[in-house]
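First the structure, in the form of structure tokens, and then the observations on it.
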Amino acid sequence: MRVEDIFHQPPPPNEHPCWEDPVLPSVLKRILPESVLQAIEPDLTRLGHDLINIVRPLAAQVRLPTITHYNAWGERIDLLQTSEGWRTLKNLAVKEGYISNAYERKYHEYSRVYMFAKCMMMTGDFHVIMCPFGMTDGAARLIELFGNERMKDEILPRLISRDPADSYLCGQWMTESPGGSDVSRTETKATPTTTSSTDLGAAYLLDGFKWFSSAAEGNMSVALARTGDLASGSGALSLFVVPIRFQSFPTPLSNNIQIHRLKDKVGTHGVPTAELSLNSARGWLIGGLNEGVKTIAPMLNITRIHSAIHSIGSLQRCLSIARSYATVRTVAGGKLLESIPLHMENLANITILYAALTHFTFGAVSLLGKSECNVATREEQARLRLLTPAVKGFTALKAVTAMEECMAALGGQGYMEETGFGRLIRDAMVEKIWEGTVDVMALDLIRATRDGYTLESFCQWAAKIISRSPVKSDALLLLQDVINQLPSLFRENF
Amino acid sequence: MRVEDIFHQPPPPNEHPCWEDPVLPSVLKRILPESVLQAIEPDLTRLGHDLINIVRPLAAQVRLPTITHYNAWGERIDLLQTSEGWRTLKNLAVKEGYISNAYERKYHEYSRVYMFAKCMMMTGDFHVIMCPFGMTDGAARLIELFGNERMKDEILPRLISRDPADSYLCGQWMTESPGGSDVSRTETKATPTTTSSTDLGAAYLLDGFKWFSSAAEGNMSVALARTGDLASGSGALSLFVVPIRFQSFPTPLSNNIQIHRLKDKVGTHGVPTAELSLNSARGWLIGGLNEGVKTIAPMLNITRIHSAIHSIGSLQRCLSIARSYATVRTVAGGKLLESIPLHMENLANITILYAALTHFTFGAVSLLGKSECNVATREEQARLRLLTPAVKGFTALKAVTAMEECMAALGGQGYMEETGFGRLIRDAMVEKIWEGTVDVMALDLIRATRDGYTLESFCQWAAKIISRSPVKSDALLLLQDVINQLPSLFRENF
Amino acid sequence: MRVEDIFHQPPPPNEHPCWEDPVLPSVLKRILPESVLQAIEPDLTRLGHDLINIVRPLAAQVRLPTITHYNAWGERIDLLQTSEGWRTLKNLAVKEGYISNAYERKYHEYSRVYMFAKCMMMTGDFHVIMCPFGMTDGAARLIELFGNERMKDEILPRLISRDPADSYLCGQWMTESPGGSDVSRTETKATPTTTSSTDLGAAYLLDGFKWFSSAAEGNMSVALARTGDLASGSGALSLFVVPIRFQSFPTPLSNNIQIHRLKDKVGTHGVPTAELSLNSARGWLIGGLNEGVKTIAPMLNITRIHSAIHSIGSLQRCLSIARSYATVRTVAGGKLLESIPLHMENLANITILYAALTHFTFGAVSLLGKSECNVATREEQARLRLLTPAVKGFTALKAVTAMEECMAALGGQGYMEETGFGRLIRDAMVEKIWEGTVDVMALDLIRATRDGYTLESFCQWAAKIISRSPVKSDALLLLQDVINQLPSLFRENF
Amino acid sequence: MRVEDIFHQPPPPNEHPCWEDPVLPSVLKRILPESVLQAIEPDLTRLGHDLINIVRPLAAQVRLPTITHYNAWGERIDLLQTSEGWRTLKNLAVKEGYISNAYERKYHEYSRVYMFAKCMMMTGDFHVIMCPFGMTDGAARLIELFGNERMKDEILPRLISRDPADSYLCGQWMTESPGGSDVSRTETKATPTTTSSTDLGAAYLLDGFKWFSSAAEGNMSVALARTGDLASGSGALSLFVVPIRFQSFPTPLSNNIQIHRLKDKVGTHGVPTAELSLNSARGWLIGGLNEGVKTIAPMLNITRIHSAIHSIGSLQRCLSIARSYATVRTVAGGKLLESIPLHMENLANITILYAALTHFTFGAVSLLGKSECNVATREEQARLRLLTPAVKGFTALKAVTAMEECMAALGGQGYMEETGFGRLIRDAMVEKIWEGTVDVMALDLIRATRDGYTLESFCQWAAKIISRSPVKSDALLLLQDVINQLPSLFRENF
């Protein structure tokens, strides 16, 4: 008995991540004008083929980053090295316009839909690239909204560049050890200096310790720091642009920043997440003094959409493998797995969930696109505000369990690393946590409804939708009831 | 700013895995006579302390096993080496009587409850030790039921030994590449020989390729092989005892067995799972010729209970960490996390699920104990038959998602490997797959009801239970209805 | 006491690998006409800077290659993956013209001196690139001498290409397990086929097992195989061109070749060395039938020169570090290490050895250049033949111990991996073994003298050299005496 | 062609490390009285078998130690973990009486010969265990000579214990970054405290940074620190006993010591060598104030003998493999390698060197034994003083190159890690550096001759030896001449 002679399961064929998906084409058709859809079709087609042929094989090269604290001669260097695969993916994502597709606004208010459709297609093979790129996206928006001229001239073009040699990645440093996601307890202090060392404005010196710093390999970060006393809580926080590896700064991490350790995370293994200390690192104020929390809000809304896209994109990939496997695996009697009703019922249930989450998310994406192009109505602005935490929290809540069902649909093969479920699930688990847990989202949802208008206009909109729906019933009353009980019902009944 | 000077979160204190658990004491109190509970109490108390002080720190030493196929001189050796931590855990489990507690039957029909209570306590820190030990348990039962005298004298005492120097581990080799969990397509052939090389009886020579072979480090295995033609399906399969590393056999894997590779699994990293080829490996028949599927059934029932225990034990550990963390983590305003209602509502919901799964599982355990001591009524035998696949499938279906909620209850810290959730979740994911997926369990549940008696007697029993319950209502009708729709409702509504 | 505050040794500055070397400029000046020296000077200058700035930092990316034998679905794939650093180095070496500098013959008979001067400069930072490239060099020479037209048209241009996308690497498969370096015991059989599958000629099918197969990542190999019976020893061996990854062949290793394992070597860690089985792999005859040993000889002579260059280039790098370190390290009394006589005496002794080995080696290189351009006299041809094994064996015998002295010249710092000595020494150790041990070289030296002419002409040449030297004495008599005792004196007294 | 079917070289048989060695038995016979030899013979026999059967297979478990700087919650812990193999070897060495054989003095002045004969036998398989144990040996001697009563009662018995549960390992912290081996530039300061915290005497607080700290896993260390100003050089250094993990101290490394990193060494991979900072670590004076250099001298003399034993023991093992291989490897014509004169001439040359180094070293060992038992004459004391640096430096200078010749004697197989040469050579390379380079030894040799008596008495002794020798000649004059030129001749002509 030679292993060469035994049965080998034919591998499941690769599906096109857009056109062979059961949901994405209908989402695009529903939202986009036909002209836009026709315009982007060739790019989506090409991207799908590139994902299968070029990107997917890079998976084996994505490994843990490493940190070397000292050189041979005893000098502290904090040399951070990411893996070959990760660096290749970053360059490919820049070239693909992962962020710039949104900022070039070639398709006006539909640009965000186009951009996030590509992001979703890329999710399965890009190993959580949305982490640094989502933050970069948010930072670009902040500079667009609040940056000074110099920032708009020097930094913004690099954040949205399509040229890897020229582009900047940006991190977001909020979390500190005592407060966790509660920024009101931020301890990092920012001290103003009198002289302006660059055209970015008068520099502050930041001192503190940031506990979860993703994109530690990036070129810059935005960081919350205290510009008043601790008792003032989040009312004395300001937001700063902090260079890490600017072309105009001499050496890596020379901005008085130390990497204490790389986090030993359950997933997102290509991404270097660090504990950092700022030891009088220079930073430049963005937005108003003591208005840090308000200033950073648009960034958080963008990263939360990225998070939702990561959840549904990960589920998409798992479901695709499971669906594809059912077309090549034979079971008793020589029948294909796809002919077994019980098996297909399972996949159908997952598909329904996947469809719901995808339409839900792209609803918010569509509103974001309108908002950024200033064509959103007041009602749409309010709806976007309400839906953003809901989309982020709900996709995170539902996607991983469904992915685990897809894994089980391959039996023992699903539990092998080579089929990819393990990595996808480990990575997707972070979405319940990153950028705010489900509880944090639920509380943000309440906060969004406090103005009186947001909730009311949402209910009116929902009533209209429901009245148009074939399944009318008493859903409207139920909806009102449900909303009244937010957020304790958030988890189970949203 | 020195890292030494920053805030360090005090670590969550360790809870006693039995007495500080919110469910296990009440389960034991409900099932066990007071005399038995008093007798085992000191052992459970000591075990809890040993788990915290001795076993838990071993985690860092549990690593992937390695295989060396050739020695320096080109000879094929297939040298399998497991990690220090894994070897230590195995020895500790043997000394703890992981299996022998059940077979010594010191507490008669309650021995299984005692034994599985210990197994459950150990789950969180024993890194899927239930995999090889569960199969060893099943093999012990097979020999008790069907083994010849020589097997009972030579092998059984080692399978249930408390002495690591003397004990045997046993694997279970069923899965083959073409058929997966469908044993009817087993290709491995067994050819009888005329001479008896040992007192175990006349040997067969087995030739084939086993695709998932857990416990590849073990001393023996039970293996299904074909003793008739392929067209006869599972009706021409017999069961064999196959030595790997018997004391009476000269060298490792000398029984004409080759390890082709170790599986690259998503979890259960300490456990060596292999692809094996049998190249005229000697095996001895256990049970009747061509009755392999029937013979192995008692083993599968036992490993399924082990699987359920692993699911609930893993959830127990995750919930314990989350509960404990809430007692030391402060949030805004200096309040402890355990004083935040929204947070505690989440933990309470998980606890309700955990309680339900634990009572459910130990109900089956209690029946197993009675059955093995021959004090089970016919109705109890039938109920055990019905519940075994349900317990296995349902715990697997529900535990992991709840564990992921526990992880998120620590925020970013939960996603760090050091807090342990990642490993526990990766390991527990296997339970949806190992020993039969949820679909396989559902189909087995139907099979169990085919005799007419099993389902009817179960409904009568359930009706009696429900009628005693304060929430009488129309639950009985619902139950009948639900059962009629088995198994399509299995996943969602069981 | 913070580590940031303690003393850090300033790192030793980088010396230019040619112009700051104490020996290489004088070698080039002695051998090359001034016009050639002027012509190549800018290239050597640039290369030196590139080595320091571009190539040296790649060291951390050179790691062990990996082999994956099976894909997820059980199919044998033997996927060989080399490290990022190694792949980058290979591409850089191709672009640098590592081989093509010799074959373009831009500087006529001096092309080899130019080419090997560059190879020597590159040695310290190219991690044994000479292994696959040296064999590729030899293969190019074989095809130049013995290849058919098709080989000259299709293969030769790729072997000497400067374009990484287009170039071929070639291995050399001689060693088998029973015979080691004794090719007379080659067991691999070549069976002729009647049909010609390509224009390379009628194919043979090769079956056998090659024990040390360097450049397993290459595109082709030359392999010795038996075309007569075993009793005929090396008289029944022929040489074959064996494709591995030709552009005209479909998939990696598709030529019926299996990689059984990658060798676990003491050094040369970037290089994938494999145990290979040929299972009816196609090969094409090069050179005459049953004339394999004679045919391969020019290849061996070239790889032996590469070996010598690797020995002296490795010593050059170690000596450079030690010399440079002495200019920055202060000792008692604040004096620099370079002012301590005892220390500098050690370095001077090593430098004398290094100078001798370098002049010795480039003497042979110069003759090789003449020979390849057909301007060598009969006496020079004979001298090249005699010196080739001597140069290879003697540099290997002397270099490593001198490198270890350089390591010790940095004290404890020399024993740290970061300073590079460990890697250089481990790699250089292979030169005592690879392409024939010192004993094999000694025996080849005897073989070279058997024709009567070679030894006599060498002695006359040597006598002339000595008579010109200021230290005339009775060296001539000694020389005669020494040569008479070859090779038992080879090791101790050459 | 299956790999199972190809030729496998039979592995070289294991030789008994004492009785089958070509030199050690004659050394023991020459030095020891017959009664002692008879008494120790069974122990040496047993040890040899244990080395082959128990210790040698542990090699695969000796790996790099790891350091974890922070726990999950951000607290600095500097958790040092050594590999399973290394821990097992340490325990075996303690049980074997690696150190205690010398201090129990069961065989009076011959105890050191007995003890070091065992150490030498163990060298090949104990992975540089001499590093921490040699320092522990030296520390035991220091306490025997200079310790207070409390140190003799509490510490000494643990340093020479045979019980792993009870024994202490001791490091030696001298080297600092600025001075390297030049202790006169020691910067670590010791500040006296007024109160005595333990019975060891009044504590000092040590502050500084130690650059090479071997045995970082140990229980204590002896450390040089400055008790006067820097200008006083080595005249203001004192020696301190510094606890790391005493049973009376609460937690690992609690004595205000931080491990900044583990050294990335070329060899000695099992041994944790660290960069340490002392941040007011408590230490207790041993020997006189400001007499640190004088106090530590006996320790250095002992560690230097250990170093020499490591050099010759490593060579012994390499030579044994090469010799053994020659008995099983066949070459052309079916002859064994051991029948090839050229090959055996090489091995004979190495054996002569090995014999010389072994007799040389054990001469010093014999004198050390006499000295410690107070039976050495003044002339023998002087000779021991003179020979100690010579033995250390000379064995280091000669052993590695000879080991590399042994490696090459196996051809390509010697370059494979599995045959062990690589590890042995990497480890032995440290002996040219550790405890003083050859230059430092040479300078110490001069220092030893400064008293006028030492050199003269040595020459008289040497003259006597030479006059007894059959090869009288004018060796005596030569000797006188050579000694006059010490140490410039040390390296080349000793």
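All chains are identified by letter, namely A, B, C and D, in their written order; residue positions are counted from 1 within each chain.
Following the convention adopted for this analysis, contacts are C-beta pairs under 8 Å (C-beta built on N, C-alpha and C of every residue); 3 or more make two chains touch, one makes a residue touch a chain.
Just so it is clear, the structure is predicted and the values come from calculations on it, not from any experiment.
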Contacts shared by subunit C with subunit D include exactly A, B
Looking at chain pairs B-C and A-C, which one is connected by more C-beta pairs in contact? A-C
Using each chain's Cα centroid, which is most distant from the centroid of subunit C? B
Report, in whole Å, the distance between the mean C-alpha point of subunit B and the mean C-alpha point of subunit C. 57
For subunit A and subunit C, let me know how many angstrom lie between their CA-based centres, rounded off. 50
Where in subunit B do residues touch at least two different other chains? 2-3, 6-9, 70, 74, 177, 211, 260, 275, 416, 418
Per the contact definition, I'd like the list of subunit B residues that touch subunit C in the complex. 2, 69-70, 74, 177, 211, 260-261, 275
Help me check something: in the complex, which residues belonging to subunit C touch subunit A? 3-4, 6-11, 60-61, 70-76, 81, 84, 413, 416, 418-419
Write out the stretch or stretches of subunit C touching subunit D in their complex. 1-3, 6-9, 175-182, 184-185, 187, 207-209, 211-212, 260, 263-267, 275, 277-279, 329-332, 342-343, 345-346, 400-401, 404, 407-408, 411-412, 414-418, 421-422, 425-426, 429-430, 432-434, 437-439, 442-443, 487-488, 491-492
